[in-house]
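Note that chain A is present in both complexes that follow, paired respectively with chain B and with chain C.
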Partner chain A sequence: MTTNAPTRHPLPARRAGFARKGSAFLATHPRARLAFLLTAPLFWLVVVYVVALALLLVTAFWSVDSFTGEITTEWTMDNIITVLTGSLYQTVTLRTLGVALAVTIVDVLLALPIAFYMAKVASPRMQRILVILVLTPLWASYLVKAYAWRSVLSQDGILEWLVSPFGGHTPGYGLPATIITLSYLWLPYVILPIYAGLERVPDSLLEASGDLGGRAWPTIRLVVFPLVLPAIIAGTIFSFSLSLGDYITVNIVGGASQMLGNLVYTNVGAANNLPLASAIALIPIVIIFGYLFLVRRTGALDNL
Partner chain B sequence: MRLSRLSRATLGIVTAVILVAVYVPLVVVLVNSFSTSTSLTWPPPGFTFEWWVRAFQSAGAIEAVTTSVQVAIIATVISLVLGTLISLALQRFDFFGRDAISLLVILPIALPGIITGIALNNFFRTIMGVPLSIWTVVIAHATFCIVTVFNNVIARLRRQGTNLEEASADLGAGVWTTFRLVTFPQLRSALLAGGLLAFALSFDEIIVTTFTAGSGVTTLPIFILNNMFRPNQAPIVSVIAVVLVLVSIIPIYIAQRLSGSEQQHR
Partner chain C sequence: MKRNPLTARSGATVGLAIASIAVLTACGTQSGGSGGGDAAEELGEMEGQVSILAWPGYVEDGSNDPAVDWVSSFEEETGCEVTSKTYGTSDEAVNLMKSGDYDVVVASGDATLRLIAAEDVVPVNTDLIPNYEGIYDFLKDKEWNSVDGESYGVPHGYGANLLMYNTEVVTEAPTSWDVVFDRAGEFTGKVTAYDSPIYIADAAVYLMAHQPELGIENPYALDEEQFQAAVDLLKEQRQHVGEYWSDYLKEIQAFQTGDSVVGTTWQVIQNVLESEGASTGVVLPEEGATGWSDTWMIAAGAENPNCAYAWLDHIASPEANAAATSYFGEAPSNDAACEFREDCEAYHAGDADYASQIWYWTTPIAECVDGRTDVECVDYAAWTAAWQEIKG
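Coming up: the complex of A and B.
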């Protein structure tokens, strides 16, 4: 830390300029300081994001003129009713939820042992190497990784080549391939918060548990798990939410399967029906807000 | 708790197996970039350097990289400024609505990309009547990049406390001087780490980009998506992927050096 910074840089001479006055005002008025800090980012987030989200909600209650293709701003419940009652939307919603849950479970099961090994077993040097190994795939393009799985899982791909001598077969393209690929894509996002959470568990607690006769498994269950639960939930927010909205992976490895994202995409693009697309997009929004609301009290949001 | 030798070994093996599985698809891409097969057959029927030569001559690929770098740099700069301001506000002050704001920062990445994408598409086109361009992509990217800077900076602020800033104020330094000479130097490596992440996030983003990019704007992910299913272009996509992974080792190395040197100081 550069605690000697002030001695190396002599303080500038006092000027009675604007900056000096502003500084004096801010120093004595904490509220003004807060307003100075908050104005720009809040303006950006509210105008660009909150307003856009709110208008998305509003657009769901509008409709498209079937002759001109223009959006008419008359209030109608048609889109909401279509989305709630249409069997297509119900099936696809359940399928998307199922995929997102499966991906989340697979990722947590894979992330727990690897994060635990990184945080509590590996030597500091090994730890650093493992962090790099976990982080590096994040920098490879999302699309290329999905495409890599397309070639791994294809009928004459490496997986078929590896398992066919043992009588196995590649799952081919479909929902299992989608679950595998999405789990692969989001795994680092789940490992990192859990690893960070485990790092924060002091080793002294584990030693205390050991000294009091706690064996490995009860210690993990009664000491480690409750402490890292918020971090685990933080990880699941990523895998769950990212899977709920995905439509590109399912295009690449999902065969003919559709997820909610595909329905939204088709209605924005080819069908040019933004109001219906907005209504469909409300489904994942409601689901995710429900999930965030459920986990709010666990402190998971501070671990993101 | 004392882990037995057996459970340590088991954990080690599980970790190794998962990491191998993580790298196999990337190795497959590397091998495919030299394969004579354009349909990604395994094992490769033959080896060639043709795709590597063609990738470095592909005007489309080079232009896409340039566009992506421009978008990512501007988005990163915006998110560095906004992310630092908001983390200073949330860490140094306690006020009504603080939790709501911290949720608001996280929301753009907590909600699926398609929601952010369609919300901004609807906002720009239907509501504002602004045509989509490279700037709509920048605005969209900056919005979800704020959180990476925010996370890094607020963690640093939480750890360093306010003692040095108070000392600086007691010694007569004004608000700006304190920020310039005390707060900022302490934040520098957190800003670099957050900025790198923001850059990477923007560089690789495809879903929000698809919804906010104007017709002439081709970022690298859009280029990859457009060329992935074209038989003669697919191996070039593999080459780009390999190059990206190799280039990405540099920022990861920098980030690691930074956090490593900090741990030694403490």
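Coming up: the complex of A and C.
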């Protein structure tokens, strides 16, 4: 057996050096290797992300000196109570939830046919082109797109020009404009997961359904829909949570309307009341956690 | 081989993390070493740069309009390169100053006292500013720019918050603020208002003339009942407001497209609209108006104090003061500035009586600024809360 062993090439002379020693050490100590690899990313995750979030939570229990604007670190429940009982915060929370739900519904309704066409009808070449087209708007700045909608929706904008011959009018600036703009902004984030989900549905299942006499609608309802539901929910997580926290779009096209993000912004930027802003910021966090808790059993989180 | 992409990615993550930490620590060390302090005794060498926080239109280097430039001459004379940031509301300025990134700030009366109280600015030694002498006496040592006889800055200019209207829609030139309050229904959905709690004072000025039984003496000293009346008026107005503005470019666009047809404005906005051929007009209504009187101040712990003093002197000089105040559309603070601009009379420059009719922005505090001692006034924190309620 030993005769079959290939002749060994002579090894290059060992160079003594820090890098050499280091790699030799790491090669024989897998745990040290792991620690070396993960320290920096974990530090990032814990300190920059988790601690920042925890600080936000803690800040909500502090208060602010109204004249000098300095934060006083005495524990108080005032902000939480204000946010929970103030009619302003209830109204704005409901409005924000309404906008986020409307945006999500609009996006899903738009995304389903587009994603279905991309995944099941289009030729592979067309498929690639469509994916690129869906992604293209993401390369433009968020602000540019929001301001573009501001001019589209204005009183002498292109929408007014298009619909006025038919007796229609632009909705002007307000909540409808906000819903339109946000739906546009988040549409790619909803199309892509649904497209990916539909791609995973084998064509053979559709054919089998057809062979067994299933027409288009029952096939979609009974075969396709249950299979892509997790993907649809994954898409809604994006549009819902992104809409919930938005304040720039509503500032640009929302007219005089406020959303939760605006209240946070004015409390940080104008009123300089960081503690109250943190307390308000907890509302969308709680809502999102609630939503994630509801959908976790559907397997949607594996589709993100 | 399979592990290669993984290690490459981790390497990138490590690099990113290290870079981020470096940035974070850099941020952490910047804020140290400031706080309170005394006015400078003497000037040293120029540092080569100065960073300024200002209202839009106050620091123009010709990049918006080549003819509008009073920064380049300063840079050439002193070698101090100017970087500037603009802000839309006084609250924003107070907040930005907490970052410690600016050497000089120009602030209105509703921000100055807050900046002084928070020790974000230091007293200014006016002996080091030769052009300070030329400033109108009625602007010096006022309650919004000095504390205990110590001056905290150089007065810049003053003006009123005007009423702007679209001449095609509001065919009859308004003479009263009633077009945005009691008559706002006529322009419903196209009324605009300034997006700041200080706008409550505009409603108070209107109530002073139209509901004298409330007994408002000063729009920044409102007791509970007067304040509630102003808030109610604004809540009624809210139903007709198309949008609130704090970004002046947004207001310019809204008036251009006809999305706003009537509301508060600054003269500088009218100047821009006029130059672009929009059909808008401005008027100072008969009830009077709120307004501003601005002060150039120096930040506590300024990194470039000498360039900061040089800028204060430059902007107080007749030429620069004339150019800056004329561009913004306000009265200059320097008497000699009127030799460099022709519209001084329109702004009643130097007319102390007229100047006293504008209700300059002041921070409302619990101790009534109109001198009443039998009641407690509503303070700015409550104004802020009420403003959010009004917007709803």
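One rule holds in what follows: the second predicted complex is superposed on the first by the 263 of 304 C-alpha atoms of A that agree within 3 Å, B and C clash if a C-alpha of one lies under 4 Å from a C-alpha of the other, contacts with A are read in each partner's own complex, and residues count from 1 in each chain.
Criterion: contacts are C-beta pairs under 8 Å (C-beta built on N, C-alpha and C of every residue); 3 or more make two chains touch, one makes a residue touch a chain.
Just so it is clear, the model here is predicted, and its values are computed rather than measured.
Which holds for A:Leu263: it touches chain B only (first), chain C only (second), both, or neither?
A:Leu263 sits against chain C, while chain B stays out of touch.
Quick check for you: in the superposed arrangement, does A:Asn272 touch first (chain B), second (chain C), both or neither?
The answer is second: A:Asn272 touches chain C but not chain B.
Should A:Leu88 be classified as contacting the first partner (chain B), the second (chain C), both, or neither?
A:Leu88 contacts chain C only, not chain B.
With both complexes superposed on chain A, which partner does A:Tyr247 reach: first (chain B), second (chain C), both or neither?
A:Tyr247: touches chain B, not chain C.
When the two structures are overlaid on chain A, which partner does A:Glu74 contact: first (chain B), second (chain C), both, or neither?
Neither partner.
Chain B or chain C: which reaches more residues on chain A?
Per-residue touch count on chain A favours B.
With the two structures laid over each other on chain A, which partner does A:Gly255 touch: chain B (first), chain C (second), both, or neither?
second
Regarding the shared-chain residue A:Gly172, is it in contact with chain B (first), chain C (second), both, or neither?
After superposing on A, A:Gly172 lies in contact with chain C but is clear of chain B.
Jot down the residues of chain A that show up as touching in both complexes, chain B in one and chain C in the other.
Residues 37, 40-41, 44, 48, 150-151, 154, 156-157, 252, 268 of chain A touch both chain B and chain C.
Considering the complex alone, what residue numbers of chain A touch chain B?
1-3, 5-6, 9, 11-12, 19-20, 22-24, 26-27, 30, 33-34, 37-38, 40-42, 44-46, 48-53, 55-56, 59, 71, 110, 113-114, 116-118, 121, 128, 130-145, 147-152, 154, 156-158, 160-161, 184, 187, 206-207, 209-210, 214-216, 219-220, 223, 237, 241-242, 244-248, 252, 261, 264-265, 268, 274, 277-278, 281, 284-285, 288, 292, 301, 304
Which of the residues in chain A come into contact with chain C in the complex?
Listed in rising order, the residues are 37, 40-41, 43-44, 48, 66-70, 88, 91-92, 150-151, 154-157, 172-173, 252, 254-256, 258, 263, 266, 268-273.
Contact residues on chain B for chain A in the complex?
1-4, 7-8, 11-12, 14-15, 18-19, 22-26, 28-29, 32, 40-43, 78, 81-83, 85-86, 88-89, 92-93, 95, 101-116, 118-123, 125-127, 139, 142-143, 146-147, 151, 164, 168-169, 171-177, 181-182, 185-186, 200, 204, 206-207, 210-211, 220-221, 224-225, 228, 234, 237-238, 240-241, 244-245, 248-249, 251-253, 256, 260, 265
Show which residues of chain C lie in contact with chain A when the two form their complex.
7, 10, 13-14, 16-18, 20-21, 24, 89, 91-92, 94-95, 98, 114, 117-119, 189, 196-197, 238, 241-244, 250, 253-254, 257-259, 365, 379-381, 384-385, 388-389, 391-392
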